[in-house]
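A, B, C and D label the chains in the order they appear, each numbered from 1.
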Amino acid sequence: MIKAGIVGLGNLGSRHARNVIKLSSQVELIAICDRKEVVNRFLETHQVPYVYTDYDEMLQNPELDAVLIVTSVNAHFSMVMKAIAANLHIFVEKPLALTAEQAQEAQLAADKNPDKILMTGYMRRFDSSYMEAKRKIDAGEIGKPIMFRGYSLDKDSGAESAPERGDQNGAWYSEMIVHDVDLARWLLGSEVDTIRTVGGCYKHLEFEKYHDIDNACTLMSFKNNSMAMFYTGRTAPHGSHVETEIVGTDGIIRINAIPRKDRLDLYTPAGVVNECADDFLNRFADAFAREIQEFFTCIAEQRKPEMTPYDSQMVCQIAQKAYQAYLSKDLVTM
Amino acid sequence: MIKAGIVGLGNLGSRHARNVIKLSSQVELIAICDRKEVVNRFLETHQVPYVYTDYDEMLQNPELDAVLIVTSVNAHFSMVMKAIAANLHIFVEKPLALTAEQAQEAQLAADKNPDKILMTGYMRRFDSSYMEAKRKIDAGEIGKPIMFRGYSLDKDSGAESAPERGDQNGAWYSEMIVHDVDLARWLLGSEVDTIRTVGGCYKHLEFEKYHDIDNACTLMSFKNNSMAMFYTGRTAPHGSHVETEIVGTDGIIRINAIPRKDRLDLYTPAGVVNECADDFLNRFADAFAREIQEFFTCIAEQRKPEMTPYDSQMVCQIAQKAYQAYLSKDLVTM
Amino acid sequence: MIKAGIVGLGNLGSRHARNVIKLSSQVELIAICDRKEVVNRFLETHQVPYVYTDYDEMLQNPELDAVLIVTSVNAHFSMVMKAIAANLHIFVEKPLALTAEQAQEAQLAADKNPDKILMTGYMRRFDSSYMEAKRKIDAGEIGKPIMFRGYSLDKDSGAESAPERGDQNGAWYSEMIVHDVDLARWLLGSEVDTIRTVGGCYKHLEFEKYHDIDNACTLMSFKNNSMAMFYTGRTAPHGSHVETEIVGTDGIIRINAIPRKDRLDLYTPAGVVNECADDFLNRFADAFAREIQEFFTCIAEQRKPEMTPYDSQMVCQIAQKAYQAYLSKDLVTM
Amino acid sequence: MIKAGIVGLGNLGSRHARNVIKLSSQVELIAICDRKEVVNRFLETHQVPYVYTDYDEMLQNPELDAVLIVTSVNAHFSMVMKAIAANLHIFVEKPLALTAEQAQEAQLAADKNPDKILMTGYMRRFDSSYMEAKRKIDAGEIGKPIMFRGYSLDKDSGAESAPERGDQNGAWYSEMIVHDVDLARWLLGSEVDTIRTVGGCYKHLEFEKYHDIDNACTLMSFKNNSMAMFYTGRTAPHGSHVETEIVGTDGIIRINAIPRKDRLDLYTPAGVVNECADDFLNRFADAFAREIQEFFTCIAEQRKPEMTPYDSQMVCQIAQKAYQAYLSKDLVTM
């Protein structure tokens, strides 16, 4: 039995915690850590032996084999570094760090713990539709991949949540595009060469004061000569929209062009309607469960996850360069 | 050059007239007939040698080879009988007649003019989607047809137009279901055996006083053991909805499940929307043009249209029995 | 903690068992029962205190609060009767019994245990799409329901599995249509009045010798004057296809018109393809988990499931009449 | 009556010619010009007073009011210049010229004939779906346009047709992207600022020797800060695919995401299939008819088409820069 602790019990953290609990034949969730009222709320419905409000204290628990870090993005890097120092298996939500430099530092540190796992939570890879797309591509069903198109759109909303991210350059843009950058590298099988980003604040001008944008298009060329187009936005009228297309020499796969929330067609005076959902936790519920399962299975089988710390680091680095390309209004080369 | 006249220049009639005019290398529209103000409106944009307000008078024009009858349904039968007596080629809008008895009388009369064409305007057979479905079925692409499902739904509206049809039992129901009965016989390749209809006035109770209904389901068995389900309604919220499904032993074809008016997907706060149209003239614009073309090509090539007067008569007879099945609340056998 | 046992660990039974295990904070799976090799296979991955190969023996375990019956359909009735006698909460897979008489006997027996639950596994009611449809209907979003259309199609396959059902009249047809009959009563909120069924063996003539059919259409009228059309088939080329439509006076809901297995659009030389799945366990994975959750929550909260033993009994009775309607080639009245 | 001549009676030219003939109340097609065998084929089914094999000779016909130029792209520029010199109304298929310099020369010459029309055939603007999109955008239904995405994909085929275009740099790429550049300017309402193109020959390496490519992605920024992404390809497995998306601050419109050839859903063992068509003449049949109608209506009403010679010239110029951006592997500024 693997013994695990989790820090961060917000929406996504408590989801991860419950997914750990369901793996009861393989893992035991022995520790949780968050602010007092948050852990108390969790304890109303679940029993956990050790309860912490201090992360450093939790890391000193000698029974721990693995830790899950699901805190605010700002804390990822330092918490990962401490968990590496504590010689634990680590699952950290994406992104690994806020800057490319930190991500690289974390990667190098992790590489020195070769028998421990550092897995970043790019859950899309564990969604059944993406898994099927990857399987088809690997089986050659679309020939050689030529072009990747990735849309990551948040449902339209104002800047309420922006300040908590701090005053980071392009923090929201980076947090969104890392997913697509990960998919593009994964599906095109190559490294980015050049980047051009255009964009700005089109609707919610308040993001400007947080040095961020609300819509951007990014074009990348890859070293194997394949191409990628990205559209990253936070003003989608219909809901949370994650769409991916991969064009091969012999076939094209498009994923989630209509981000339906269910299997209903509604025939209404406005036309035929497919309702969409703005809740990525629901959209990727199975993927979140599957990635946690994979983390513990890797530990049990002493193998590494497909996505390496190097991948996590590269994704951060590319996202940072993509934002620099926006700022510089010029072509950026990796 | 075939010389043609048309009686009835309403929405559909003037559409047919314009389609005739476009066949300028093959046909000449020499005569039109309708009320004074209607013909005058048509003459504002088109030139026609002979203009009538009296159908009998038009029929006496010795230059006429063919007549198109696009009047109110009540007049179809008597006008067809007169045109048969005048020994003309006849195109008549569906249905051939309001009662099975009249339809049979017209069919028998037409059969005595073996070198003249009597074609009824079941335009769906000339729609490219239906033509493609028929081609696939005839080519064996779905195996042996087992089941037909036909939806004919009018966009929801009140009883404004009902009185003009007179106080006919089930006039609207019959006018709608004849299309699907025609398709079912055409695509299943067999004759109806038994009929069961349930239905009533669910929303527009005013139809009751015209002895009509606003929604009905009909189940028919065919002599070759195939089956057909019909849904006929006038309360569709989204628009005019003509949908057809044909299930074979090896494949299924569904036509127009989402009755889109164009190729747009609208991403809106309500979801992803496909707008629909309530205008069957637009939906079947190409089909209307193609059926008129076929009528004159049959005349030119001295061949008969695929749909015979017997077919027209059978369709009327089945529709009438289907409404009787509704009234009797029992199973009706043909 | 509720203590539960399960009999039947086939595909669906082991799925139910695993879903019970995941409810670890509420229930303990203390007993399993099946043939030796089947229970052994289950024990390879799970630990269960009591293991049986004899159902009667399991029922004598005094710790048991509840039993789940997931055996072959033939055994449902007698196992339910024994579990009622043992005074247990019962979850039984649908249908409750093979004949209307047995279903009624079980219902009457269950009604004498008013503080125990008898829940039949009509999982569609727990699928998020059906739940959303029901919510919209109850909220009046489509007005008054007029018409129900239910398709239940198995992926095309031969008669390999038929013999095990024994030589029951219309066993497959009944097993399929009970789902749609349940939905129709649930969504139309009324009882069946008349039934007409047409159908036969169109592709797999071997089913005739098991007194069964491979495709059928059924038309029912309901006592509140609403209507239902059913298409039940086992020759779907594309996969397992469960589609439902509910037409109201003000809106229409269609569920699963394209039974996609995932969110992929494949652009191929054949056209744009949505792959379908023939695996109803995957299609309804969430629904199966949710219905088991509901069963135990009802026990814990001492309330009754929405679907009553009377409902289960009525569904069996209607299905049986529907098959009689096929045999008699006549209209059948409930 | 306007008297018109046409040069070029290939697939598209004869389509235009027939569309002119159908406008019989407004226009008379008095002259055709092409190679001997081509004009003879046309004369088999149509009567035309004047027949030419020499364009210059046709231009000397004093009865001519207007000329339609539907020849190979190479000839557009010189034929337009001659028709301007002959003081005729001109409809020319897109693009106006092969180079930006020629396009500008033609524009300037045309501007000196202020009472004559020079209309370039960007037919997409006359497609009912694009017209509806434009109407919605102008009505503010999607807010302020932010982003344009244009796909123009030819069905996969080899380089058979390439040589006839001569050895022009990026001739195919330019011919394709001009359509989308026109749409982007039209729908975003602004001028291009910067361009980045990546691409190459991924499947049909033979295009390299014609100095062309088979797939490319292009990112443009516009002077009003809006953005455009283009995907131009000639290896689409499924057919001819023209898709357009326009994202506004309040709504998104996508046109033709599934380039269906008809309204059929085919349920097959491979899944649910929408067949696509590789024939843009069919896809845009109505648009071609409508643009010809507009050309003659403009003449009759003495007004200018919405698309000006300046627009045509700009589109050519942008397409040329976009190809230069590909060659230079750098950012290009207009």
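Basically, a residue touches a chain if its C-beta (ideal position, glycine included) is under 8 Å from a C-beta of that chain, and two chains touch if they have at least 3 such contacts.
It should be emphasised that the depicted structure is a prediction, and the values quoted were computed from it without experimental measurement.
Among the pairs B-D and A-D, the greater number of C-beta contacts is found at A-D. Greatest centre-to-centre distance from chain C is found for D, with centres as Cα means.
The distance from the centre of chain A to the centre of chain B, with each centre set as the mean of the Cα atoms, comes to 57 Å. One finds 42 Å separating the Cα centroids of chain A and chain D. Chain geometry summary: the mean Cα position of chain B and that of chain D are 38 Å apart. The set of chain C residues touching two or more other chains comprises 236-238, 251-252, 257, 265-268.
Chain B makes touch with chain C in their complex at residues 143-144, 146-147, 149, 194, 196, 198-200, 202-203, 215-221, 225, 227-229, 231, 233, 235-238, 247, 249-252, 257, 329-331. The residues of chain D lying in touch with chain B in their complex are 21-22, 24-25, 45-47, 128-129, 132-133, 136, 251-257, 262-268.
The part of chain A that touches chain B in the complex is made up of residues 236-239, 241, 258-260, 265-276.
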